[in-house]
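Both complexes shown next keep chain A, but they swap its partner, so chain B is in the first and chain C is in the second.
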Partner chain A sequence: MILPFYQALTEDVTALSPAMDSLHDIRRKALERFTATGLPTLKTEAWRYTNIQRYLKEFPYELLTTAAPVSPEVAESKAIPELDCYRIVLVNGHLQADQSVLPEGKGITVGAMSAHTAAPGFVTYFNEQHHLAGESMAQLNTALFADGLYIELAANTVLDKPIHIVHVYSCATHAIIQPRHLWVLNRSAAATIIESSVHPETAAVAFANSVLETVVMENAELWHYNVQQGEESFREVHTTAAQQHKDSRYHHFNFTLPNTPFTRNNLSVALNGSHTETNLNGLYIANNHQHVDNHTFMDHIMPDCNSNELYKGVLLDNANGVFTGKILVHQEAQKTNAFQQNNNLLLGSKADINSQPQLEIYADDVKCSHGFTAGQFSEESMFYLRSRGIGEDAAKALMVNAFSHDITDAVKEPALQHYLQEQIAEIMNN
Partner chain B sequence: MINSNEIIDDIANKEYEFGFSTDIEMDIAPPGLNEDIIRFISAKKNEPEWLLEWRLKGFAAFKKMEFPKWQHFEMPALDLQALSYYAAPRKKKQLASLDEVDPELLATFEKLGIPLNEQKALTGVAVDAVFDSVSVATTFKGKLKEMGVIFCSFGEAVQEHPDLVKKYLGSVVPHTDNIFAALNAAVFSDGSFVYIPKGVRCPMELSTYFRINAQNTGQFERTLIIADDNSYVSYLEGCTAPMRDENQLHAAVVELIAMEQAEIKYSTVQNWYPGDKDGKGGIYNFVTKRGICKGAASKISWTQVETGSAITWKYPSVILQGDHSEGEFYSVAVVRNKQIADTGTKIHHIGKNTKSRIISKGISAGRGDNSYRGLVAVGPRADNARNFTQCDSLLIGNQCGSHTFPYIESRNKSAMIEHEATTSKIGEDQIFYLNQRGIDSEKAVALIVNGYVKEVLNQLPMEFAVEAQKLLSITLEGSVG
Partner chain C sequence: MLTIKNLHAEVEGKKILKGINLEINKGEMHAIMGPNGSGKSSLASVLAGRDNYTVTEGEVWFNGKNLLDMAPEDRAREGVFLAFQYPVEIPGVSNLNFLKTALNEIRAYKGLPALEAREFLKLTKEKQQLVDFHSNLMNRSLNEGFSGGEKKRNEIFQLAMLDPQLAILDETDSGLDIDALRIVSSGVNKLRDAEKSFVVITHYQRLLEYIIPDFVHVLYNGRIIKTGTKELALELEERGYDWLKEELHLKESV
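Right, the complex of A and B next:
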């Protein structure tokens, strides 16, 4: 079970990041935690439907901590047409300044993590999110990450354009790549951040184990989109730990589109202040033997917060879908409204879905609910479309489009919305 | 309006109404769990060799297992060696009629509101009363016998229908199923056995009253119900237990087998001693209940009203093996004081066109903790499987907990699965509305709770529905949200 790449590094984790000396203790502690629990197995409750070892043992991976030169066309391929934005290109977690257009101005800090370890936001919030402690893959990242993107917006700073981050994963041999990011939006700041990833090589498999911490301070607002549209030779564990403070708004969108054989998204939101709003939206369309696992956790710690969670899935061919949605309402979190919904369309004859919508509630004055469905197109709707001369495939595409509309419709950037709708239509037409 | 804290204190302080114990000379085995005690039980019950072997296999499996850790409560420290595994009222002579039953025992039932003789005359319910471990009175036997229905204690079935017992014992809940089922297989004392022959519709509700009486005696019942082709049976199980300071373990096993087009309806009202307001004492109700719809178009329906026990931990399940078979689970679980309920169901859709329906209503008050845990699994062969699940929770007071942990696994694209769960409290506006119409707050709560659980209570046979309603109103008296 012990992988050679971390065995070798146990001796000297510090060699990884001479620029981040201050992190030695944190790294060592994380490595201890990781070695204590080891990699998740099917007996780990949070991973009971996802056998990560199957994907990790597929190849002899090596831990890759450096960037390789990558031509600008690679990142360019993920550009969203007609989206006016700042583009940031990271290769294996390392910022490529020459390919990026960074936002500039008063109160805006954007740069490599390694260059900002002394920044107040970093000192206060790095690895502070306690939800990470229970996730061994996040511990592995903390122990051995190389670099990532640091964003901090000062109080009252509102970005004029969205930031589009393109994560390029480039390796010559099969590799595990572990970027680590931290974004801090201070009081009343606002931003829209879109993430895409690309792995240009097809011969070498890249396994990304990335961790992102986001902090949304008082009255701040973050729109966060993650578009996962990878390649056959890409696998990903993506952990996002968000924390929200008083009166803040956090909108998270996760789109997992076909081809990447394995995707696991850990998403946790801790509500550390009251009167917050949280929207978690997810759409997964999986094909072939794709395995998509969305693992979400809404932690209602403070009173008077609202959260809405909607995850929808379309499972084609032999695809496996997994959804876990936990809502925890602490005793202090009175007047909580927390809603969660997971709907699935099983279209492939060997597709399957495993779902665990969970409510854990210790407060009485709350309104909480979850819902789950798995099923088929309604025959009446199909018949209606067919009777109007629409072919079966076109009718299916139309229905999937309608099914995903709840999610795509909530996307605030018109260019991104259009782009996603096109992608979905294209997937269904093939 | 009454201060809600006062009311919650009120509920919390409510003493257990059925707390009393009877002194009957007991035949008790020394405490301790080992092979000798299993041989002792088996010998005492004059069991055939194969059953002893099966018990020993169960014991061997038990020794290899550990207590589970996944449950949503702290596992109490169980000293299984400190328990006595056999207790039977001393047999005086064979009883011919109720008059010969120990009057003290009859008085006990009287206090519980289930006088045997009255029931016999008035309700037409055949009662197989299990007092601790040995059945002491069985009624309506003659009438059932006429129709070929076998309804007797487990011990009797082993003696008189060994083939049936041997064929079906452990076929639904194997001795290796879980640690408590293994323990039960090793040391089960007695229980009920029902066999409904082909084409017979059992003319009356069959019922058993379980009682736990002797101190330090865990009760390990085993119930086996077989409904042959085209038959129907409705089985009722109800429990109350006297007040005790020491925790008592109840690890029963219930197995249901429905053959082609047969239907089994199993209803439970459970009101064992829940412990006092500090969580001291009370029964640990760790029961394995499972039914299999073996034949096509068969049906199994579980209905439970759980108001008692310190810890209720059970998942009455249905395996839908036959095509077109149907499973149902209706549950009301009420916790208050420091009670814990971790209950739900598992439905395995294996056959084609199988249907299941789960309605679970949890009510938490005081410092109680109520969890619904369930599994709906649809296999690749289960074309057109259909499931509907609804779990609702009602919270009364801000120190209780209510949780939902469903597991949904679908391996068939033609399956339709729906699950919904909600959590809420009784709205002040609802109470206000009823107050306006001259209904005081106490009655308003009773009315709302009654409406809330109606879907489940409607499933109970009439006699039980009345008892259940009474239990709920006693439990939740005065609980204004």
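Right, the complex of A and C next:
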């Protein structure tokens, strides 16, 4: 299959970012891997229910590696009311210093990836996560990414307020854009990071293929929220590869809301130390012909770790949901607790969900469970609400809110929680 | 206020109501009694608009409007309230949010603005005291984990909040201990006034010692076979329903 952006592959990858000379070998290897495997097909096990080639062929995308000037109102549109935070704006992965407020202080490093290739965290952890190796879209990103956000917190550094990253995607013609980020929280560091994305143009379609690596070191804690509420002219493959070390806590929340037609989230967590806690929470509400694919992988490598995964979906109209929850418990990972649940409300007449738990357990002293449900509103509940004068639409909005409450309730930032509840109510009222 | 004429209804092809006639005027308290399976709860369901019932014949008029043409929410907005025999638990919907939504939907239907937060809370507090409903249940999910008595009290509390013209209480007394029964009945009695009417469906005469009806109707095999005053309830308590059934068969065989 020939795509316009493939042409860029034949060019010298080093020309993309002269500032990142040290990455030449890594990029070449990634490119080799990518060209060897090619784009995923429906025969690729991890992409059985998502035909990515169809989405990549939809428009004549060209690779875009630069930022375009974007007015501050664009990022402002994704501001979360009442949230006291450091807002950081990236355009096509490039940090916009004039629109951003960076946290400062001892032990805090926040800046462009391209400016930090010599930072200790970068040298140690960039592209180090083996989960990326098997994912050809991530390889494509490694080979050709231009820039992204680097965050490193030194040991014992606790951010005083959340960072809110607004990813702006801007293109004059149909473009594939590939930001690359790396966040490292060293021993006993703690942070809350919220991500939003926005694509202001409607005529030109932006296809983001972003990769984020997060490293949560010993006893560190990261609260990580990703709010995907994009435009109709946006498509996204979003890969997050996290690794956790001893005694660390990682709380990941993924919200996928209308109207982006195609979203694929790859989320993997490698537990490289024992006594860790991992919470993966997901909520997807999709309408029209949206296709939302959450592909998750909990890799229990070490003993005595706890992971809890809860993904909930509301599929309206003709929306299509895919959930894959892989849990791998290695032989050494005794005393693992790994729980997974995927619940869906199928509300559209042609809505549809493909859900597949994949549990591979090689240790004998573990507690693991998984569950899946798909259903409609309980008629009895609907009748109860309507018998109190609540119209059908308002009743549905109340029920969807109720369905998603265990996800939204777990959001720790009150302003973000309120914002999400409002967004959900608005979606259901339309 | 409410006129039921020759009402026939069936569920899944089974005839349940076979010609009910009933006239309810403003301010009246009607009790409907009858053995199990006689159609008492079905009548309540048909009036509230539960959609698994099909009305095959007859009419129901409420304040001059055809009730059977309305969606369940419109019946509620017009002033019909059904206290459920088995109130539904809805995890994640808070009692308060539920009530606020219901109240404002009813107000919007009547062309009234939504209640201000302060007014709503004031009203809530007032009605809570009136029907003795614990305030610690207010912020909980709707009926979730409530005891049987708490659920029934919540029904009466909702009745107080929504202030309908016609309240149908479907076996609100079943499963209640004597203390809960007293609280629920006293709540209902406090809500009685010259404008409001009640239909109390019950299996037990005991309730009618606390809520004194103006009329008692006996429902049997989908029809009202006898109408009387509160003394009829006492007679039923003593003699059961068999004598009425016999009376009916005698009449029918003539």
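Here is the rule we go by: the second predicted complex is superposed on the first by the 425 of 430 C-alpha atoms of A that agree within 3 Å, B and C clash if a C-alpha of one lies under 4 Å from a C-alpha of the other, contacts with A are read in each partner's own complex, and residues count from 1 in each chain.
Throughout what follows, contacts are C-beta pairs under 8 Å (C-beta built on N, C-alpha and C of every residue); 3 or more make two chains touch, one makes a residue touch a chain.
Everything numeric in this text was worked out from a predicted model, so none of it was measured.
Looking at the shared chain after the overlay, A:Pro81 reaches neither chain B nor chain C. Of the two partner chains placed around the shared chain by superposition, neither chain B nor chain C is touched by A:Gly105. By the document's definition of touching, of the two partners only chain C reaches A:Arg386; chain B does not.
In the superposition on chain A, no contact is made by A:Pro69 with either chain B or chain C. Considering which of chain B and chain C touches more of chain A, the answer is B. When the two complexes are overlaid on their common chain A, residue A:Ile361 makes contact with chain B while staying clear of chain C.
Judged by the document's definition of touching, no chain A residue lies at the interface with chain B and also at the interface with chain C.
The residues of chain C lying in touch with chain A in their complex are 48-51, 71-73, 75-77, 81-82, 84, 87-88, 90-93, 97-98, 101-103, 105-106, 109, 141, 158, 162. Note for the complex: chain A touches chain C at residues 378, 380-381, 383-392, 394-395, 398-399, 401-406.
Residues 70, 380, 393, 395-425, 481 of chain B are the ones that touch chain A when the two sit in their complex. The touching residues of chain A, when paired with chain B in their complex, are 45, 49, 331, 334, 344, 346-376.
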